[in-house]
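Should a chain be cited, it is by its letter among A, B, C and D, assigned in written order, with residues numbered from 1 in that chain.
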Amino acid sequence: MYNFRSDYLEGAHPSILNKLMETNTEQTVGYGEDYYCEEAADIIRELINNDNADVHFVVGGTQANMLVISSILRPHEAVIAVSSGHINVHETGAIESVGHKILTVKGKDGKLRPCDIEYVLSLHTDCHMVKPKMVFISNSTEIGTLYTLDEIQALSRCCDENNLYLYLDGARLGSALCSEINDVELRHLARYCDIFYIGGTKNGALFGEAIVINNDELKEDFRYLIKQKGAMLAKGRLLGIQFLELFKEDLYFELAAHANAMAMKMKEGLDKLGFEFFTDSYTNQLFVIIDNDLVKEIEKKYQVTFFETYDETSSVIRFVTSWNTPESVIDEFLLDMKDLVG
Amino acid sequence: MYNFRSDYLEGAHPSILNKLMETNTEQTVGYGEDYYCEEAADIIRELINNDNADVHFVVGGTQANMLVISSILRPHEAVIAVSSGHINVHETGAIESVGHKILTVKGKDGKLRPCDIEYVLSLHTDCHMVKPKMVFISNSTEIGTLYTLDEIQALSRCCDENNLYLYLDGARLGSALCSEINDVELRHLARYCDIFYIGGTKNGALFGEAIVINNDELKEDFRYLIKQKGAMLAKGRLLGIQFLELFKEDLYFELAAHANAMAMKMKEGLDKLGFEFFTDSYTNQLFVIIDNDLVKEIEKKYQVTFFETYDETSSVIRFVTSWNTPESVIDEFLLDMKDLVG
Amino acid sequence: MYNFRSDYLEGAHPSILNKLMETNTEQTVGYGEDYYCEEAADIIRELINNDNADVHFVVGGTQANMLVISSILRPHEAVIAVSSGHINVHETGAIESVGHKILTVKGKDGKLRPCDIEYVLSLHTDCHMVKPKMVFISNSTEIGTLYTLDEIQALSRCCDENNLYLYLDGARLGSALCSEINDVELRHLARYCDIFYIGGTKNGALFGEAIVINNDELKEDFRYLIKQKGAMLAKGRLLGIQFLELFKEDLYFELAAHANAMAMKMKEGLDKLGFEFFTDSYTNQLFVIIDNDLVKEIEKKYQVTFFETYDETSSVIRFVTSWNTPESVIDEFLLDMKDLVG
Amino acid sequence: MYNFRSDYLEGAHPSILNKLMETNTEQTVGYGEDYYCEEAADIIRELINNDNADVHFVVGGTQANMLVISSILRPHEAVIAVSSGHINVHETGAIESVGHKILTVKGKDGKLRPCDIEYVLSLHTDCHMVKPKMVFISNSTEIGTLYTLDEIQALSRCCDENNLYLYLDGARLGSALCSEINDVELRHLARYCDIFYIGGTKNGALFGEAIVINNDELKEDFRYLIKQKGAMLAKGRLLGIQFLELFKEDLYFELAAHANAMAMKMKEGLDKLGFEFFTDSYTNQLFVIIDNDLVKEIEKKYQVTFFETYDETSSVIRFVTSWNTPESVIDEFLLDMKDLVG
């Protein structure tokens, strides 16, 4: 039974495991101060075209969000996000647990717009309310959409004008950057975001997210926060080695491109079969409107995620492809679907 | 240059990496709900002789301490520990960052005694002070000593009498359990501790600590806390697989026994050469009093840790052996020392 | 220039000041353990018909909310409130600052309904999301409406069925209890709420809120939380004396009834002049729809609060009457309004 | 039975109550933005000779400490204090509850010295430990001693050299400033402390502490913190009016001088009777070594505080005099003591 529920269901790309094997008995200093981490950071600095960036590796995305936000904000400062944002819904209150309110707006297509930010700002006008200080976006978003360069630039401008920090959660940044409609590059993020992270867990690493700090003001003592929030891995090199494998050549982008290609093939096939889509995704997550009876049939052979009720008889179903989804699985799935709707 | 600075300087025991390799392309459900985690938990329950225990796997020790304590204590409740306790000194205020005061006492030989607990209790008598509610101990301790079964029982009794929870940090539990003078077994911990963890990171895993909750009152919603504190690994099976390898047979104990044997060989050798020891350790950490000039000589060939100043001309130096320290390195080290002191 | 902006703009009812004067040189034990506090607590227990309740006095409402919630909830637990709830908008993130997420729903007429609670519950289903554990309501609400006994009972039932605590913020409880359409009594709150507070600050005290804990489970160590959150007044008797004055006879209810009567007189007068109301209030807050040009005229003589934009040419303006609003001011105000709209 | 247990056992100086009475029916804007608060702040700025200081009024000392520290420190930063410091012992973990570790040293005579600070700094050297960032002192101290100008200057210099903020808790600042051996003036605090507070509660106010921020870096958004921590009084003018009464002429200093004079008279009398003192206090707190049997006799007529055990047969007993202690009480007390020891 093939599982389309997420992109973290397998281990890691074999070259990562091989490198872990190969380096296994080396002794290195702990806590991320080894040469693998340093080299991986250098390569990332080069890729994003910002020699001056600080790069830190942590194990997971909730960790990254919690520690970035708690490092940057004072107690009365809040973060603006779309209602569907991961920090708002799916992190068990991690951001509030470190003391900060998330100010949510609906946004459009899962994305935040300058007008959304301005609306939130217009409501927060005195010291009886929290003070918005950071904007949180994800690329790709929770519903598989992605930001254009124009949109990122507009958000950055809006943040500058309003004295807000722009933070981009890149748990699925690979998929965004490798989407066929994408026009954003890593160097743009280094220029327009104060801070962002490059997700490894959902793109072929065993685990790992690379936090990139571009704004000098936000760099001080970041490692103290990493340690305090339990995000400092003793054998820190495990993170350096993985990011090195992903970025020393183009592996990171190849894996993301593969996941996207599998999703696009699925999308095209479902489109031909007459399915409609809840969001127009060009990344590795598809949100398909499916009749509830048909969902039951599909679930006999595939694991999928119920996203939300569409109407009385149908649901929005999420399919996620990964760096490791075989093309043959997509072919078979589309044949199965053809049979089912035939 | 061999590095004696810690026991987390290498990767993992090869059988762990092999198993990760072997299971790499399997798809499993995420977040620790896979069958590897379930099986590892079952094996641990059997080992500790407590079918009823809850077992959770997290990545690191600071994480484990932070989430255990924040899960259990109300905001005004505090934890009692020795001054040298890891939570007090080396976690960048992680416990305070989740709101709790650590009440410290000196203890004896790095260990907490019932009289220490009673002294702290005698000082905390009304609502203007925090309320002691948990006792934190490490086994083996930060200075390589270990608790006897009598001592653990006495602490447990003292906690029961005073309505305190007993929590044992087992970052180096393997070394304690396999020490030649040890009389504590895992099943004792399940009986006398409300909660404890079994450390993997410092005993041959890539990373990972297994939290065992024995007290039913402390079990509710623990997974919520794991998630909130950023300690829930997406590819949770990585933890299950590792603990399965460590415990399905005796690997965990063999690795710890090896680390201890190397330390004991080093201890015996240094003793013969006339060195004195700061603590009488029977685990994988030695604290040796060494003349400062000699330290400089040693550091030309070995990496060691300065622990504290002993007197004007000498220091306490920490040596740590690991699951992977070759016996030949110890032999060579002792020959080198003989030359140096000759 | 008369100020209708709030009900905390003057000092206290003279009998309170007189009593403070009279008792000024007495020496009493501090921190709320004096006999004035004890007597005030006794009287409140009698009034609410619950001998078993714990009663604690604190200085202000944000304090009360912050400490009640932090005392009761574990870190992953959240509180359900209407979007307009005071804790959500006007406490500068106090609740998040002690670690808890507020889950908001729109509600109806500023009030929360069982269906709102059930909707929130339906969205929070696993450990990746916070766990709703408390329901927060205000009576009267932020927009001057009030709960009926039926509604309170229904909420209580819904909370019982779903293992939620019901907490009522009574910053303006006096006005609610003395409204002409009210059918809720204090003894009902003792029966249906796990915890609630009786507001003094907005009903004739210098300051002070009386927190009443009915649910035995929530009583333990509450004074520790009061102290920790900075809410324990050194000269605690100042709170006891004030609540004693308010409740030893019917002063509290007389003051609230007066404030309501002034608002109802204003409402009737404005109604006759053809004004429309944004909410149908029977308490001491009126929300009136007024043409923007007219607002400017009113502001030449009265201080009022802009609440929100109604349409392109008019606004919702909030008028608040107090225990001390002279009837002559209402008369004059209505004459002025008649002139302005004449 | 006269009570020597503290200086907050009575109400307020009558002129404060009279002023509250006199201004009672005025309507003023809430939350500390009224003209009484403004005028009180102006007078304080003049007194401390710093036009540029920000002055904020809050209700109590724990509040002041909690909000000052949480406003200033980032999550990994810690505060250095003597072990006996109020924040360490008597605030129910308020500082830890907002996330910060208190690093304690014994100090000397209840006071912190530059060498103590340097010792703490020497122990905190990397990101695995908290980062000391603030120094907390009280004047007068918890044991009635006081800092000289030289000592304050030396601490200030030490803080400057080590990039630490100096914060002075002035809960009993009046008593310190009016001590016969004092050489510190308010203008020195404005020059040498980054932030300090002037205590009202223990010197004749109903309640109230005036926080003075001298360092521009620490001023931003402080009112947000006041609100968030529940320290913003709705009827804020109550604080302004009180501090105005205390400082518009010399009332604050007269009251403190009286309390000190009563303590000094008691000290002289006890000295003549042969008593020994645990600390050499020149403020309104005396710590007297008394035989345990004698303590029992004293307690028949006076309420006093057991401070600590001195030896097997005697205790350290704390006596506190206040702005309102009648001289006749001291006379009578000394006669009683003469009888008892006669």
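In this text, contacts are C-beta pairs under 8 Å (C-beta built on N, C-alpha and C of every residue); 3 or more make two chains touch, one makes a residue touch a chain.
Note that the structure is a prediction, hence the values are computed from the model and not measured.
K.L.:
Identify the chains in contact with chain C as well as chain D, in label order.
P.N.:
Both-contact set = A, B.
K.L.:
Need the most distant chain from chain C, centre defined as the mean of C-alpha atoms.
P.N.:
B
K.L.:
Using mean CA coordinates as chain centres, what's the chain A-chain C distance in Å?
P.N.:
Between these chains, centre-to-centre, one finds 42 Å.
K.L.:
Could you grab the centroid distance between chain B and chain C? Build each centroid from C-alpha atoms only and quote it in angstrom.
P.N.:
51
K.L.:
In chain D, what residues contact two or more other chains?
P.N.:
Residues 75-76, 91-93, 97-99, 127-128, 130, 224, 227-228.
K.L.:
Inside the complex, what are the residues of chain A that reach chain B?
P.N.:
Touching chain B from chain A are residues 2-3, 5-6, 8-12, 14, 17, 20-21, 23-30, 59-63, 66-67, 91-94, 97-98, 201-202, 206-207, 224, 227-235, 238, 324.
K.L.:
Can you list the chain C residues touching chain B in their complex?
P.N.:
It is residues 31, 70-71, 74-76, 98-99, 127-128, 130-131, 221, 223-228 of chain C that touch chain B.
K.L.:
Which bits of chain A are touching chain C when the two form their complex?
P.N.:
Within the complex, chain A touches chain C at residues 75-76, 78, 89-93, 96-101, 127-130.
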